[in-house]
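Written below as structure tokens is the structure these notes are about.
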Amino acid sequence: MTRIVKKRSVKAGLPPGSLVYVGDKGAGKAKVTVVEYREGSVREASISELTECFPCSDASTVTWIDVTSVHQVELVAKLGECFGLHPLVVEDILNTDQRPKVEDFGEYLYIVFRAFSCNGGHCPMETEQISLILGQNFVISFQEKESTVFNEILERIRTGKGRTVKSGADYLAYSLLDTIVDNYFIVLEHLGERMEALEDALVANPAAKTLREIHLLKRDLISIRRSVWPLREVLNNLQREGSTLVTETTRVYLRDVYDHAIHAIDTLETFRDMISGMLDIYLSSASNRLNEVMKVLTIIATIFIPLTFIAGVYGMNFRYMPELKWRWGYPAVLLIMTVISAYMLYFFKKKKWF
Amino acid sequence: MTRIVKKRSVKAGLPPGSLVYVGDKGAGKAKVTVVEYREGSVREASISELTECFPCSDASTVTWIDVTSVHQVELVAKLGECFGLHPLVVEDILNTDQRPKVEDFGEYLYIVFRAFSCNGGHCPMETEQISLILGQNFVISFQEKESTVFNEILERIRTGKGRTVKSGADYLAYSLLDTIVDNYFIVLEHLGERMEALEDALVANPAAKTLREIHLLKRDLISIRRSVWPLREVLNNLQREGSTLVTETTRVYLRDVYDHAIHAIDTLETFRDMISGMLDIYLSSASNRLNEVMKVLTIIATIFIPLTFIAGVYGMNFRYMPELKWRWGYPAVLLIMTVISAYMLYFFKKKKWF
Amino acid sequence: MTRIVKKRSVKAGLPPGSLVYVGDKGAGKAKVTVVEYREGSVREASISELTECFPCSDASTVTWIDVTSVHQVELVAKLGECFGLHPLVVEDILNTDQRPKVEDFGEYLYIVFRAFSCNGGHCPMETEQISLILGQNFVISFQEKESTVFNEILERIRTGKGRTVKSGADYLAYSLLDTIVDNYFIVLEHLGERMEALEDALVANPAAKTLREIHLLKRDLISIRRSVWPLREVLNNLQREGSTLVTETTRVYLRDVYDHAIHAIDTLETFRDMISGMLDIYLSSASNRLNEVMKVLTIIATIFIPLTFIAGVYGMNFRYMPELKWRWGYPAVLLIMTVISAYMLYFFKKKKWF
Amino acid sequence: MTRIVKKRSVKAGLPPGSLVYVGDKGAGKAKVTVVEYREGSVREASISELTECFPCSDASTVTWIDVTSVHQVELVAKLGECFGLHPLVVEDILNTDQRPKVEDFGEYLYIVFRAFSCNGGHCPMETEQISLILGQNFVISFQEKESTVFNEILERIRTGKGRTVKSGADYLAYSLLDTIVDNYFIVLEHLGERMEALEDALVANPAAKTLREIHLLKRDLISIRRSVWPLREVLNNLQREGSTLVTETTRVYLRDVYDHAIHAIDTLETFRDMISGMLDIYLSSASNRLNEVMKVLTIIATIFIPLTFIAGVYGMNFRYMPELKWRWGYPAVLLIMTVISAYMLYFFKKKKWF
Amino acid sequence: MTRIVKKRSVKAGLPPGSLVYVGDKGAGKAKVTVVEYREGSVREASISELTECFPCSDASTVTWIDVTSVHQVELVAKLGECFGLHPLVVEDILNTDQRPKVEDFGEYLYIVFRAFSCNGGHCPMETEQISLILGQNFVISFQEKESTVFNEILERIRTGKGRTVKSGADYLAYSLLDTIVDNYFIVLEHLGERMEALEDALVANPAAKTLREIHLLKRDLISIRRSVWPLREVLNNLQREGSTLVTETTRVYLRDVYDHAIHAIDTLETFRDMISGMLDIYLSSASNRLNEVMKVLTIIATIFIPLTFIAGVYGMNFRYMPELKWRWGYPAVLLIMTVISAYMLYFFKKKKWF
């Protein structure tokens, strides 16, 4: 289960701009992949330590620096220094509990958002923070954990297919955002399947387990919602407002991702509505079952309690009970009992109890 | 039941602009109907394959290209090429899970929305995505499935009745939108009838089936709501913002469709309110019934349990029980029992239990 | 009970601007009352058929044409022609299921809204659509049914009292709107009285009938709400935006009606809050009553079941049961039973069950 | 209990501007207090009938006319005439069911709002409408009932303490508004105390009376809310928009009252949240109590019903029942019964039922 | 438990600007710490009484006056006089029940907000009002209680570390705000832990205590919410609007605190959602448990009541009961009883009752 609040308290009291990694410490080392490309030419390098800055001065190529596992504070600090990032930005990259946002620092844009992914068929919804720095001719992406989410874009650059290699850094940033939002739909699909399975379960046999499952589903929805709602604003800002780092052509594409994000939000809200409906059904079914149980008890008890009383009367040991000596006393009592039960059954039938 | 999330995962990882049909694959072939008209002259052709582009250059006529069943990817791609559509537009036409929207590409407007229809009396609420491309003197409509929803407009053009043949492409686009929104009201009427039937059922005999029906109705409402809310924005944009493709005269008509869409939304919200009221009533009735059941049980048990106890006491086999030998013991006990029951009945009467 | 969705399906498929009356067909003929007035002079005529147009050219007088029962399509169409109304306006007048709105066509304003009225003490909340056409020196009012709602204004004009005869057509339109909004308060008062009666009933004896009544009240509220909310927008537009047909003096009066509409909405929202509170109380009372019933059952059963068991034990027919032969066996058993019941009563007293 | 809707129906059908007092008719006569002051000089007069107008022409003094009990229609009408008030304003002053609002008539501002007060320790929340007319150098205040709410301001003017005598009419109007808003906090405090008492009662012993009290509290909250929400707008308008009647210095003070109004709204919303929480607790406690009752019943019944059955079996009178003649039959049966009860108790213990 | 409404009634009736301390009276004396610093030089003084004003005229240094325990009215009044504060500001500082706000008086900004803190591991959520006066080269902070919340900033100034000593008064104000908002996250973390503990308790054993705990948690959330929501507005104003007292460089930092505040609000809203979900689960579990209890009762009663009846029949003392004399009567009855119980068990099994 995702924790709602991360351990931010380790940072309390430190001056602003203090660099502390907030998050689960991964095991491995951080990995930095540097890809420099223009149409027709791709250079790729994978380095694990940063000793000196990159020039990135060649305006005709785009440089993509992909950093996985940001828990190595010095590496991120060094990169921030090389590219002249504001101390608060470096702090935010390490603080992997950010609300999605975009900030325009003139020279570069800082974009932060969350990725959700399903590893394997079971989709336990892993989540990580991803930070993007979009400069004139470079993109730096910081991933909280090692993941394969950007591999397909890397592949497209390597093979030179698609528009990416023909376009600038802004298109690369768009591609990364698009990939993340597309991943949202996989998670939503998975949630939709869980929800339909739950609905079937609700109708067939609403057990206490179902309630638990509804609750877990709701938590997952809340968790994604927290990430997608602000992302919508981020994409709207990118698409609309005038940073010179984003070209007009790319804006059309960003509008498309923005539409996808709205679509995701729509779906989330629908899920929310459906879950609240499911809870209503669950509660109603529970009360229906209780009703049924009580009816069975009431029918049985109401029929037999009076009969037992009659039997009890003639089980008394009074010396002077004339009925006991009657020849047809016993059959008469049995007849009376039958009549009473028949009337009771008729009464319940009329009340539509069964 | 409509699925909430379509299989978008087949598209994840593909570069933007990839053409993949997302939706149920229909059986038949795609059908393209081309109608070219101006006042007094109509030419109609039905083709099943696209080998070359249409000229559409004659500014005095309006050309309407109606494509049914968009699952033939190549045909749509070819059309897109002919009319110079943006790759993202062609992708969206094939991706039949769009949120209603309008996009202005200068040369043409791209409008996408959903149609709901009832086939036969039962109205199982079929739904399909419809895309419109509105150019200077042409309209292309893409329907997800084969349907008869636009037949009446075709007929009007053929017979030359109405304003359509006298007006431009924008009026044709308006007519198509108007037809779809009119269809919403048929579906709403149908839902309203189902709702009234449900209300009567609630009062007469609230069974578990009723709850299920409420739930299904709610799902249908959610499904339509997802389509009508964004359509309102679309129509507002068309009516207000300044695309030169829509003339002032047509804007007045679009304002009318916009009003209808708002009316539909109003009705949906009213339905929503009513359904939540119905759920409240259902739950209350269930608790009322439980109450009644429990009262019957309690009255019967409370009267007979003490009596049975008394009978039990005089059924004991103690050697020394003086009452057993009294001459009037038995009648006295019967009298006591009668008094106790009478008091109990009086008590329940006072409590207004029956 | 008012139907939520009117039969609009009869219109589906017809071209826009088709004139079909949507609503219950009244029995009588349509009636047209024409009043032409200026300060000091009133001319009144009541015609039942329209053979030629009115001139209305005399700028110094105001002409009020009041049409009751709009189900005579030709009459309305003819009037529309005479005054040069847009086909969509004529369509909307006949389509008596409109959402309140105001439309500015330059030459005239088209205002549509709903009136609610109580006939007799019982107030079954009749509702009808009223359309106003406000021109430079004329007002046309279309009422769905024959009603007396505008009689007092007519009387004021006839007697020449009040500001109406001294002012222009816009003041007449304001008077009509003001009358309608004043009528809302009568209906609200009536609803308020029903609500207070319900609240008293809730406290005294919450029966299943109360629930039904709450539900009906809620439906009536929803129905009025649908009409008053958009009317607020209409009045705001009239009061604020710059149609030249409404003078500055009249705007002050329209601001007053606008305030009344807001007041009505406020009251409606308060009613809504109160009704949801009443439902909570109803449900709580139901659960309280169930609790009480269960307590009675439990107290009786818990006291007598153990006693009955003891009696049962000494009713067994074992040959060797020493207690049965004891001299004080019977009194001892009675004593034990008394002690057990006393303890039980003490236990329930401590638990505050009675 | 405050009535939600006042008898407005007496006004329906009357022309706009008709002067009818809407409210409870007070017993006493209306009282008019006229205070004319400037720094260092105060003149005060108390008149009960208005025969001629006040001059108010001396620009160096401020005149405060305080009218209590507005049910004397002629007096208010006469005052309106003297000061040239718009007929709608005079109508609104008499119609003591107004929504708080401010209206700018150029020459004067018309401000209407509601006062709440607690007379004595019990605070039954009396409410009245107060209307203010703020002119260049005069303030007219109309109180619905006779009350002492403005006495302290009068005292301050008499003694010449504070800023009031040094400032203009706008500061006097501010002082009156400030007094009213301060009174809101007294009522809120009182509500807060009732709420805390209720919360303690909820924990100690949630009776049906508690539910009733929650409901009454909610009604009082709704009633205050209706008055405070629109007052916020009123104060915002006064503080922000540019009427020349309010000086810049006074605006700073009005901003302060505005902050207080927001604070009051905040507190109201918190109360609302808390009350809905209390209702949840109440319902949960009820269901908890029911649970407990049922457990007691179930434990007792489940233990003794099988035992009673066994006793019943050996109470049968069959001739051939071998067990009855066994020497240890009776002790054996008692042992079996003990074992069964022990197992049952163990079972309930395991289920944590007690 | 925090009180929702403080005793403001002591102020009612006093003229605006009256200086009355509203809050709990602390025991100790107020303490004033004066720190004057510029890069490289720090002067610190701790005084307990104010006899004369500070000059603060040296534009090159920043003066920070920190006042703890504001209940000494004269001291605050004296300070207000020295720095020329508006009477309403001094009143607000003493009135420790303010809604967070920022007010621009040109010469200085007045910022008021609430701090939450956890003393020790238990975090009973102490809260106090903090007022800031931000001038050109001075900051005055008023704390309601003595606390250590600003100690770390003092330490940073003393040691000359961080940006604080190098920047102006606005950066100091930012640092104080940042510290407070960081403290919010500690409280949120603590609430998050309580919430997770509660969730585990809900699943394991939902007792009445859990409900109480949910309620307390909700109250704490409401209390924080009241402070954080308006703080967001405050920070937005500071960061955006153009007071010349805040430099452009500091605005970037304020944007960061603003983001943190939004993050805190997001978390609070998530908590809210989760708590309402927990209440649903609690109620559902309660109804599940009731269901289970009733099933046990019904199974036992339904099986044994008919058997007891049969035993009762053969316990009757009629003289003529042929079955009693049959040789296999007793075994036959036992067999019948076994068959009945078996059928009952089968019936319950089929209904999935156990």
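A, B, C, D and E label the chains in the order they appear, each numbered from 1.
The definition used in the following text is that a contact is a pair of C-beta atoms (placed from the backbone, for glycine too) under 8 Å apart; a residue touches a chain by one contact, two chains touch by 3 or more.
Just so it is clear, the model here is predicted, and its values are computed rather than measured.
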- Query: Just how many steps, at minimum, does a route from chain B to chain E need if it may pass only between touching chains?
  - Reply: 2
- Message: Going by the touch criterion stated earlier, list every chain that contacts chain A and also contacts chain E.
- Response: none
- Task: Give, as an integer number of Å, the spacing between the C-alpha centres of chain C and chain A.
- Result: 42
- Note on the structure: Chain-centre distance (mean CA atoms) for chain A and chain B, in whole Å, is 26
- Task: Mind pulling the residue numbers of chain B that touch at least two other chains?
- Result: 283, 287, 290, 294, 297, 301, 305, 308, 312, 315-317, 321
- Message: If every chain is a node and each touching pair gets an edge, what shape is that graph: line, ring, star, complete or other?
- Response: ring
- Query: Taking the complex as given, what residues does chain D use to touch chain E?
  - Reply: 152, 156, 161-164, 174-175, 178-179, 182-183, 185-186, 188-189, 191-192, 195-196, 203, 252-253, 255-256, 259, 262-263, 266-267, 270-271, 273-274, 277, 280-281, 283-285, 287-288, 290-291, 294-295, 297-298, 301-302, 305-306, 308-309, 312-313, 315-321, 352-353
- Note on the structure: Residue positions on chain A within touch of chain E in the complex are 3-5, 7-9, 11-13, 15-17, 86, 88, 97-99, 101, 103, 205, 208, 211-212, 215, 218-219, 222, 226, 230, 279, 282-283, 286-287, 289-290, 293-294, 296-297, 300-301, 304-305, 307-308, 311-312, 314-317, 321, 323-330, 333-334
